[in-house]
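Some structures are shown below for you to check.
The same subunit A turns up in both complexes below, where it pairs with subunit B and then with subunit C.
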Partner chain A sequence: MATEYVKFVDVTKCDGCRACMVACKNWNDLPAEPQDFLGSAQSHAKTTADTWNVLQYIEHENSKGNLDYLFRHSACFHCTDAACEKVCPENAISYTDFGTVVIDHEKCVGCGYCVNNCPFEVISLKEYVDKNGDKYRKANKCTMCTDRLEEGLQPACVTTCHTGAMEFGDKAAMIKKAEERVKQIKDRYPNAMVYNPQGVGGTHTVYVLAEKPSVYGLPENPKVPTSAVIWKDYAQPIGKMMIGATTMAVVGAFITNTIISKKKNGKNEDGGDSHE
Partner chain B sequence: MSKPQNSTVKVRRFSKAFVWAHAVNAISFFALYITALPMYTEFFDWLYPVLGGPEGARLLHRIFAVTFVLPTFIWVIFDFKGFKLWLKELVTWKKRDLQFFTEFVKELFGFNFKHVRQTFFNAGEKINSIIQIFTAILIIGSGVPMWFSEYFPKAVVQWGYLLHNVGFGLAIAVIVGHIYLSVVHKNSRPGYSGVVTGEVPAWWAKEHYADWYDEEVKKGNFPKLDDPTHTKKKKKKKGA
Partner chain C sequence: MKKSVVSKEYQNLQKDILTLQENWKESINPESIIPSLDKAAMSAGVPAAALTSINFDISLFIQWIEEIIALLTKNNPELESKLASVGTLLNEETAIRWIDEAFSFNNVYFASFAEEHGLEEWIPQFLAETALRPYLQLTAEKLQHEITHSVHGAGCPVCGEPARLAVLEDEGRKVMTCPRCLAHWDAKRIECAHCGNDDHKAIQFLTIEGDASSQIQVCEKCSGYIKVIDTRQYLSKPSAAMLDLNTIHLDFVAQEQGYQAVGEVKQTN
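Let's turn to the complex of A and B:
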């Protein structure tokens, strides 16, 4: 296995320039999604099928009653234990050697199970139209530029970040850096923390947040939904076993019936069976 | 195989409404099964091209989802009496129902057995009905939030996926047995033509649902089968 990499986002260094959004669109050939004014400098409410990262602008009243203007580069977290990968019925979502989570469009059937199970709500379905004018859907999200990683490059958003708010590197080193950064900023941001939620086995985008996750609209304790675990680890395998068991029972019944009626026919010339 | 002479006499077991409701239910169930199979197991991914791609499969699954909901209404509207009898039978459990199962296992595998007197629905059919009602509620109840996920809280949709899966798994496991008994198993096979035409041989009805048959005889609806031709049958019963 290749080295596990992590994208480290220090939101306290971000100046909200949105170059990461542009670089992402540019590298991934994603069309612009013009939006009406949403009431703040934020361009889009959240990530979409064509906008894989969105810069959040949050006006927050801190504990001293002052205004903090918080920014956050939001994109797929690339969970170690990804709910989307778990629920995909077509095995279209998989982990790469880099620890990133990617969608294979050849296999994706556009069912949307991943969309409804992602604890961070970063996956979306996109509608396409084929040559015959028929519509079809595929799931889309940030790939962490896995195609760039394969070529020895870093994700486009990281490369373009001019404040050094984003770094890409060895997992352990990045996490260490994040922890040290939290210590540095505790005076200014008493609630600062490393966001690397263990409910999903840790993530491959690790944040230093200035405030509690909920301030950024993030779940405090994200995890693979319990329903998804029961569904995929228990219900489905047991269901398949049950189908097998009843099928075996009727096959067994068919065989014993054939044997027994043959025996009876041998003994009894007239068939000897009252049942038809 | 020798049959009693009166084996040609048929009696009506199911109303036209039931026959239709059952057919719509069966066809819908299998259409739903086939159109979802490639999502349940990748082994059946080759079905996608057959069904017009994932989009075609999805559309068909939704069409048959609607028809799957209809049977109850068909039965209730056109044969409320039959529907009521069904519900009443489902909540009536007596010693004979338990006896039925011990004899049924023998019958299933072709060993010697004796008929336990049953009313309109035997205990096996009642169990099948109860499981099918339960699984239909699970499947339909979870299918709605899956279809219209944008109108439901995320947690409801997430648990919906699980319940849809559980409901389907239970239903198909039971249906394998249900179909086997009706189409393949020799003793219950007349039940299959019965559910298609609504009529079954009188001798078979009397043998399998003695209490119901006698009641209908009392009402004057069914012919008495206690004539000499039938006595011949009775003698053989033990060896069956």
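Let's turn to the complex of A and C:
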């Protein structure tokens, strides 16, 4: 197994420049998504299928009654125990050797279970149109630039960060760094903490947050939904068998129906209004 | 960068050689390197190593060459017969000569030595250069605090190797690095290392599609090039020697485009 890497985001060093958003669009060739003004400097409400990371801007009243202007680079957390992976009925979501969580578009059927079960709401469906004009959907999210990792390069967002708010490296080293940073900033941010939620087995994006997770709209203790565990570990294996049975029934019906319709349209077949 | 045009086998051999060199360097007595830096000479482009008195341990040098031969033979048993005679040829006098000639890149001497003794042409210089480098590297380590810049066209300020490799660090600082002695020095982002041209209109950058972290900086005035690698993007940072090897495709591209590792001085009337 390759080294397990972690993206360490120290929000207290971020100056909100949004270069990470641009670098992500650039590397992953994602189209721009023009937005109406949302009432703050934040460009998009949350991540979307074409915007894999969003810089959050939060005006927060701190314990002294002052306003803190908080920033957070938000993107997929790449959970160690990922709900999206659990619920995917097609096994389209998997873990890489780097610990990142990726979606295989060949397998994804666009059912949206991953979207509904992600505790951080970072996955979105994108609608595509095939050459016949038929619409289909696929799930999209940050890949942690797994294609770059495979080349020995760091994620695009990390390499572009000019304040050093993001680092990418060995998991243990990054977590240690995060813990030390929290000690350093406790005077300024008494609620500062390392956010590496264990309810999802820890994540491969570890934050130093200046405030409680809820201030950033993050769950205090995210968990893989029980329904997801039940689905993946118990229901799905049985479900696949059920699908097998119903498929046979459908196929059977189709054959029968074809025979029937052939009989019904027998005249047309002989009629020869084809252009051949 | 993981993908390289250099085969994994050759990369691994080079890694083994670098490990050997690192070990050898540790065994050199630091007192045997006595710099006497002449600022005037250095500002005229004389490499600092040429101004340094190095008391080479000749028996150690010969021992290292035997170790390289053992490594090469282990890696490729077919080389055994080709390298067997080197051990007998290498006496103290020859070793001293090898050190001197390797230091001054005298490939003519090594080619004729090879011919004279029926060796393949690459063998003498490869061995001499490989065994010389630990001394150069230790010299560079000792002098690094004195090395702030290079004289354009004079190559590495420590060992004189032609400048060809730069890495980007911190906020985009361009640091020239020498793959031979591992010395490093700062340079302006838009500046030719060979002729000093800093006209942004006459400096171009060639990039390779699919290679997100490398550039070739070419000078339209002297036709020289250097490789500029953004190692800040790398997951792990290789040594300058490995980086130089693994980016050899950039040298091919640059030279195919008509640029040279050493810029040429164009005479104008």
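One rule holds in what follows: the second predicted complex is superposed on the first by the 234 of 276 C-alpha atoms of A that agree within 3 Å, B and C clash if a C-alpha of one lies under 4 Å from a C-alpha of the other, contacts with A are read in each partner's own complex, and residues count from 1 in each chain.
Operating definition for what follows: a contact is a pair of C-beta atoms (placed from the backbone, for glycine too) under 8 Å apart; a residue touches a chain by one contact, two chains touch by 3 or more.
Treat the numbers as computed from the prediction; the structure is a model and nothing was measured.
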Item to check | If touched residues of subunit A are counted for subunit B and for subunit C, the larger one | outcome: B
Checklist entry - Regarding the shared-chain residue A:201, is it in contact with subunit B (first), subunit C (second), both, or neither? => result neither
Checklist entry - In the superposed arrangement, which partner chain does A:113 touch: subunit B (first), subunit C (second), both, or neither? => result first
Checklist entry - Is A:190 touching the first partner subunit B, the second partner subunit C, both, or neither of them? => result neither
Checklist entry - Now for A:5: first (subunit B), second (subunit C), both, or neither, which partner does it touch? => result second
Checklist entry - Should A:162 be classified as contacting the first partner (subunit B), the second (subunit C), both, or neither? => result second
Item to check | Which superposed partner A:154 touches (first subunit B, second subunit C, both, neither) | outcome: second
Checklist entry - Across the complex, what residues on subunit A touch subunit B? => result 87, 89-91, 109-113, 116-117, 134-137, 225, 227-228, 230-231, 235-236, 238-240, 242-243, 245-247, 249-250, 252-254, 256-261, 270-276
Checklist entry - Tell me, which parts of subunit C touch subunit A in their complex? => result 1-3, 171, 212-213, 230, 232-236
Item to check | Sites on subunit A touched by subunit C in the complex | outcome: 3, 5, 27, 148-154, 159, 162, 168-169
Checklist entry - Taking the complex as given, what residues does subunit B use to touch subunit A? => result 1-3, 7, 39-42, 45, 48, 53-55, 58, 108-111, 149, 154-155, 157-159, 161-162, 165-166, 168-170, 172-174, 176-177, 180, 184-187, 189-190, 201, 204, 207, 233, 236-237, 239-240
